[in-house]
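Next come two complexes built around chain A: one with chain B, the other with chain C.
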Partner chain A sequence: MFKIMLDNQGIVRLQGRLDASQAEEATKELLKVTKSAVVDFRELEYISSAGLGVLIAAQKRLKESGHSLTLTNMNNHIRDVFRYARFDLIFKVE
Partner chain B sequence: MQKSFTRSTKALDEIFDFIGTFFREHKVGKEVAFSIKFAVEELFTNFVKYNLTSKSEISLNLSIEGKNLVVRLMDSEAQPFDPTKAPDPDLHAPLEQRRAGGLGIFLVKRMIDKIEYHHTDKMSTITLVQSLEK
Partner chain C sequence: MASGSTIVTKTILSRTDHLSEVRAFVSEAASAFGFLDEDIANISLAVDEACTNIIKHAYQNAPDKEIEISVIHNKKNFEIRIVDFGRRFNPQELKAPDLRRNLAHHRRGGLGVYLMKRLMDKVEYNFMPGRHNEVRLIKYLQKNQPAVRR
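== the complex of A and B ==
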């Protein structure tokens, strides 16, 4: 079960499990983000490298126009994944 | 506990359900549960990615052996690919050069206590051993 929601305040909310079977859906929704945005992980339970790939691609695309994603409210397990992958070097993580 | 799954990322829901049932039955902690789910997804999708044409299913076996959780993933039609020998990605590369390829296996190696790989007669078996005392 995975959900991605964009609200009108520029916040992207992730929910459930972002695995390889959901990467396409997440990519499609994130393409709608064209300015700097916050991605709220509060209700995301799990992410795999497929999900990390989706976020890298979005960050690369946004950087070309001087924008970026800020990631917030990760659970400890997801925070460890980001730390091991050194995503702190390419994302602002709050 | 063993089950075979269709060679497709669409099988992931079923795989997570299967693993979840085992974890509940054996009261596996959240940290071990996250690491094992992550490792199984990465290695399963790797088997799928490197042999898209085969119709054979991929088997997953979970067991408790002493103080360890042992996971075996078996693909009977696999090309030889030893994940334990895969090169690590450059984690310090600038954003433009960062990519997800190779990251999954690197993270599995970082999270799992012991990984073994065997390949004979097209059969690849990856064994993961994770201490339950975390």
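== the complex of A and C ==
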């Protein structure tokens, strides 16, 4: 189960498990983000490299227009995965 | 196979919507073996990455091929052996990803394989021409973890 929700305050909420089966859905929704946004991981239980790929593609696209994603409320495991992948160097993680 | 090893096996079709089943299967076995939550999460992610690579590269997203996942363990070692019958794909023969350069260009190439190696104690690829491809993911029980439960 995975859900991605965009609200009108510029917050992207992720819920459930983001693996390769959900990467297309996440990519499609993130394309709707055109300005700097916060991605709330509070209800995200799991992410694989396919999910990381979705986020890095969105970050690359946004940075080209001077915007970026800020990631917040990660659980410990997801935070570790970001650290192993060194993604903490290209995202602001709160 | 070492004597005293325990084996459980699951077979899935090569579709990413089966990845959650695989993670649940491996997590249950890793928990029963005695791993703590952090290791269980790491093992589960490494197996997800291996199966995703098989679906994408060995089977090139064909949805009706078989992937066999076996968990083999004795008192000290926990191994997941994943077998496919698709194209030979050995990421170890490819140039190791330059993580720093990939990050600079916001690319994720090779990240799945990198994570598998980072999360497990040993990752090994074996190819039996005309038979199957196999990836072995091995995690050793650390000294500060409880003894195997079964």
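Following the convention adopted for this analysis, the second predicted complex is superposed on the first by the 94 of 94 C-alpha atoms of A that agree within 3 Å, B and C clash if a C-alpha of one lies under 4 Å from a C-alpha of the other, contacts with A are read in each partner's own complex, and residues count from 1 in each chain.
Note that contacts are C-beta pairs under 8 Å (C-beta built on N, C-alpha and C of every residue); 3 or more make two chains touch, one makes a residue touch a chain.
Values in this document were obtained by computation on a predicted structure and should not be read as measured data.
When both complexes are superposed on chain A, chain B and chain C clash. Within the superposed three-chain model, A:Val38 lies out of touch with both chain B and chain C [touch as defined at top]. Residues 17, 19-21, 46, 48-50, 52-53, 56, 59-60, 63, 77, 81, 84-86, 89-90 of chain A contact both chain B in one complex and chain C in the other. Interface residues of chain A facing chain C in the complex, by the touch rule stated above, are 17, 19-21, 46, 48-50, 52-53, 56-57, 59-60, 63, 76-77, 80-81, 84-87, 89-90.
Against chain B, in their complex, chain A makes its touches with residues 17, 19-21, 46, 48-50, 52-53, 56, 59-60, 63, 77, 81, 84-86, 89-90.
Chain contact summary for the complex, chain C toward chain A: residues 15-17, 19-20, 23, 38, 41-42, 45, 48-49, 52, 55-56, 99-100, 103, 106-108, 111-112, 114-115, 118-119. On chain B, the positions that touch chain A within their shared complex are 9-10, 12-13, 16, 30-31, 34, 37-38, 41-42, 45, 91-92, 95-96, 98-100, 103-104, 106-107, 110-111.
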